[in-house]
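Heads up, the next two complexes both have chain A, just with different partners, chain B and then chain C.
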Partner chain A sequence: MRKKINWGRGLGITALVVYGIFILFPIYWTVNTSFKEIGDVYKVPPSFIPTRFILDAYRFIFQGTGRVALFNSLVVAAVSTAIAVVLGTMASYAYSRYPFTPLTNEGAQFNLLTVRMFPPIAFLLPIFWMWKRFGLLDTYFALIITYTAFNLPLAVWLLKGFMDALPRSIEEASYVDGYSFWQTVRRVVLPLIGSGLAATVALCWIFIWNEFIIAYLLGGRNVILYTAYLPSLRRGMRIMWNQIAALSVLAIIPSIIILVLFRKYLVKIYLRG
Partner chain B sequence: MEEVRIQNVTKRFGKKVALQEISARVPKGSFFCILGEPGAGKTTLLRVIAGLEIPEEGEVFFGDQDVTLVPPQRRNVAFVFQDFALYPHMSVFENIASPLRLKGLGEEAIRKKVLEVASFLKIEKLLDRLPGFVSGGERQRVAIARALVKEPTLCLFDEPLVNLDYKIREDMRAQFKLMQREFGQTIIFATPDPIDALSMADIVLVLHEGRVQQLANVWEAYRKPANVFVGRYLGFPEMNILEGRIVRSGERLFWESGGLRLDVSSWEFLKTYEGTTVLLGLRPEEIRLGGVDGLDFTFEAIVILGEVVGSDTIVHLSVNGVTLRAFVPQIFRKPSGEKVSVGFRRESLYFFSSANGKNLLL
Partner chain C sequence: MFGKESKRIPKTPYYLMIPPQLLIWVVVIFPLLWAIYISFHDWNPTISPERTFVGLQNYINVFRDERFIGALLRMLYYSGVGVTIQLVLGTAIALALVEYVRSERLRTFLLVLFLLPMMMAEAVAAQMWTLLITDTGTINNILIWLGLNPIGWRSRELALTTIMIVDIWQWTALPLLIAYAARISIPESLYESSRLDGASKWLILRKITLPYMRVPLAIAFLLRFMDSYKFLDKVFIMTYGGPGTATELPTFYLYQTAFSYFKVGYGAAMSWIFGIIAVVGMFIFWRLAKAQ
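Presenting the complex of A and B:
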């Protein structure tokens, strides 16, 4: 019997390969560029395959402000994500379980979500002036609180879905078994929304890690985040593409770690829509 | 463990009254059944007893202790939820062991107790699995095991048989009865199914729209239903209820509905109802088909339809245009249109007020 060629499958694989190249090539190009000398970067035609691994760009990033900027980004993203997820867990529990109080009814829930419906830039000028007035501009505190404000609605909205899906009777069974509210949260609620927590951590982190405008406006001197530092990598009129590429490669690493660790939970949350 | 007393309990959700002045006594070691349609307030009553809801009015007593405001953690009750509410992330063993973990027992003692209950319920092979990987009937037994292992003062079951298929349900009824005998548990069991009540309960509390319709020994409620609702609800198939007038003809008193006429002179009290409508109740299982000699009332009827239920038949009959359902405990095969003689005894008749549905015989 002759084997039938499955055209649909072939077409699908071709499409995936094309898409894969489309997505992966820029990343490859960034890595490639990060190992070049600045002179080689501007060469025409460019070299597609690196012949020498020159670590100058990485050395520059590590010895200078780049390292500080990466560290700042890590601190701000980690602390703000942690706050958003902890507060988000508590708020989403209240929203899900007690939706009739003035602070948690539909109107209040909608109000919280509206924060997320505007682009951050719409609020940024007033926020800038507010922090300036408080004398807190360019501090960890201002950056962390601002990011938390934008991430909290996201966290609440994501986690509420998981809370709603968790049958109340399971908590009640735990009470009847003799466990207190906090014991029940630890034994039953948190483990059962675990995948939601993981996905929320990942999405909050990614929002902060990739964010530029807030970092640029509220930070800059004392507390500079790597996204705000990137555009400053130039010598006069010359853009230092190799240094930008090196910093980018380093910046991709935490995101990759999080994406790989939380991959299956993220897929779940995107499938929920 | 002492008895459980419920006193004038009223529970509202917003404007909706879920329970209206419920009072009941659940004797120690009894199998107490709360029977009612979906939405009657059965679950709410169980939750009030468990401490998962606080009633607006009234009290709940365990023995002499008023527990109305005592949280569920400190009531020492067990609750088997309608959806079983097993912890999906814990093994069957951990689910069952859950109430024991707080009692400060050693790992060995816990293991021993869990195994004991699990082997009684024949789920010892499932202990390592997650609840998501066992069948519905097994999941229910896990939930029951979790309740029993606690050795509670009181076991509350919320419609545990509803989610199971027919065959397992039959099986579980016997299991429940055996289990109660073995453990001597006081059990409060909520169900919409009158067969559950008739086959398992000692005492039945019939609820309708948050009000007690009747609270009695289950067979007493069956023989002497307090009103039309209980008459209809507690029994399978449903009681025939016919609306008719009491009329006098010479010295005799008759109950008359369409073409059906019964001599009811021997019920003295019906005299006062002369000229009014009265509901007549007659249980399908008390209508005899064929061989009716010696019965107090006999008629010629026409078979409309024979509805076979398992190995029994519900026969729909027409007596001079009035339809009746009769229950025959065998497969009944007579073609529709055929004539059959039917009869029943005087004791089989119930009379209910057409105004408020009260049983006029009580």
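Presenting the complex of A and C:
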């Protein structure tokens, strides 16, 4: 008996393969370019597989401003995430457990979310002038505080979901056992939402790591983050594509790690809507 | 003891809310209020430190500004078409992934690969693609090598569409993820019983899968639409609004007004109009989420 050709299946798998190539090609090409000498970048026909691994571009990034910029991004994102998650835990606990006071009712929660929905560039005009007035432009402080405020709604929104999923009876039992409020939070609530907390930290961190326009406008000279440093590599007579590619490859590595570690949470977070 | 308990409860949320509120007030609300004040003035600090009171003139000018209107129309094309493609493509890929990839491992691997663009910086994605699409870039090199004509990806006619393609490359992942999550939450028994009833695949897709995914997909559309309204990284890096104003989206025009021309009062008025549009969109989103 002849087997019927399954057109739907064939089409579906072709679509997956084509889409996979579409997604992979720019990433592959960036890795490929980062190992080339600048003279080879523009060659026709292009070389698809690097024959020799030339590390000049990476050496340049690690010896110059690139290293400083990556380090700054790392520090700013880490400190700001830490503050945002601590404040976010406080706010989300209040939102989740006491949703009836003027500061924590639905209206207040909505107001916090509007901070997230306002386009950052619309905030940046007054924030820029505020930091300028205080003489704090181009400092770690201004960048960290600004990022914290921008990430707080995200942290609250994610954490509130994890808090809501935690039954109140557990906390009540811990009060009955004689734990104080802080003991309950520290020893019962936080350990129970531990993995959710970790996912929140990862997501907040990656958002700051990836952010561009705040880094570009509020930093740039003293405190340069890698996203703000990237465009400056394109100035000059000859665009050093291999260096840009090398910095891009380095910048993607944390994204890959976080994505692989927290892939299950991403699905969960979006399942909740 | 219980007396103490009942007194403690109403105070705790206030203590908890003070530090987060303080931060939001200092960094967000106070500057925004200042922006209202400055939006009633004409102030260009590069010309003179003097601020002249102009009333509502800035707001009126925004709506008369052809560049602003042009940017809004461009946004409608860029976001409307771009996000629709992201949604359709993302849903199709997610369904194909669930339907045709049996191996759990392979499916997870593909999902991670497909989500990767979403997790990296807009700025990095834009740089990676710029390497591909400049006139002497990789795609044109390959076209020449194949004996075809190179394409002016950053020409006046094509530039906005090129950025849209990069946006599709990066953000199809989000509707894909949401569609994937929605699809695997549909109980498998529904599919089995309809297969027993002899329903065709097309009918199952239309009558079961898509109705179930309607609300998550609507949310995905709004989320993406709002985001593409918010970001300017790709325009900034790939074309800097050009050639001419061919890729000038509202965010980028706002950036130009506020930080290149330093028309601060005018920029503040534009910021507010801009923000209010976003909040209205957000409100619709909130209602939709509630309805779910």
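The rule is short, and it goes like this: the second predicted complex is superposed on the first by the 256 of 273 C-alpha atoms of A that agree within 3 Å, B and C clash if a C-alpha of one lies under 4 Å from a C-alpha of the other, contacts with A are read in each partner's own complex, and residues count from 1 in each chain.
Throughout what follows, contacts are C-beta pairs under 8 Å (C-beta built on N, C-alpha and C of every residue); 3 or more make two chains touch, one makes a residue touch a chain.
Worth saying up front: this structure is predicted, and the values here are computed from it rather than measured.
Chemist: If you count the residues of chain A that each partner touches, which comes out higher, chain B or chain C?
Modeler: The partner with more contacted residues on chain A is C.
Chemist: So in the superposed three-chain picture, is A:175 touching just chain B, just chain C, both, or none of them (first/second/both/neither)?
Modeler: both
Chemist: State whether A:13 touches chain B only (first), chain C only (second), both chains, or neither.
Modeler: A:13: touches chain C, not chain B.
Chemist: Using the touch definition from the top, say if A:148 reaches chain B (first), chain C (second), both or neither.
Modeler: In the superposition, A:148 contacts chain C only.
Chemist: In the overlay, answer first, second, both or neither for which of chain B and chain C A:125 touches.
Modeler: second
Chemist: With both complexes superposed on chain A, which partner does A:62 reach: first (chain B), second (chain C), both or neither?
Modeler: neither
Chemist: Of the partners chain B and chain C, which touch A:167 in the superposed model: first, second, both, neither?
Modeler: First partner only, chain B.
Chemist: Between chain B and chain C, which residues of chain A are contacted by each of them?
Modeler: 175
Chemist: Once bound in the complex, which stretches of chain A touch chain B?
Modeler: 167, 169-170, 172-180, 187-188, 191-192
Chemist: Where on chain A is chain C touching in the complex?
Modeler: For this pair, the touching residues of chain A are 8-9, 12-13, 15-16, 19-20, 22-24, 26-27, 29-30, 33, 42-46, 87-88, 90-91, 93-94, 97-98, 101, 103-104, 110, 112-115, 117-130, 145-146, 148-149, 152, 156, 175, 181, 206, 209-213, 216-217, 227, 230-231, 234, 241, 244-245, 248, 251-252, 255-256, 258-260, 263, 266-268, 270-271, 273.
Chemist: Taking the complex as given, what residues does chain C use to touch chain A?
Modeler: Residue positions touching the partner: 5, 8-10, 12-14, 16-17, 19-21, 23-24, 26-28, 30-32, 34-35, 38, 89, 92-93, 96-97, 99-101, 108, 110-117, 119-125, 127-132, 136, 138, 141-142, 144-145, 169, 177-178, 180-182, 184-185, 201, 215-216, 219, 226, 229-233, 236-237, 251, 254-255, 258-259, 264, 267-268, 271-272, 274-275, 278-279, 281-282, 285-286, 289, 292.
Chemist: Given the complex with chain A, which residues does chain B contribute to the contact?
Modeler: Listed in rising order, the residues of chain B that touch chain A are 50, 52, 71-73, 77-79, 81-83, 85-89, 98-99, 102, 146, 150.
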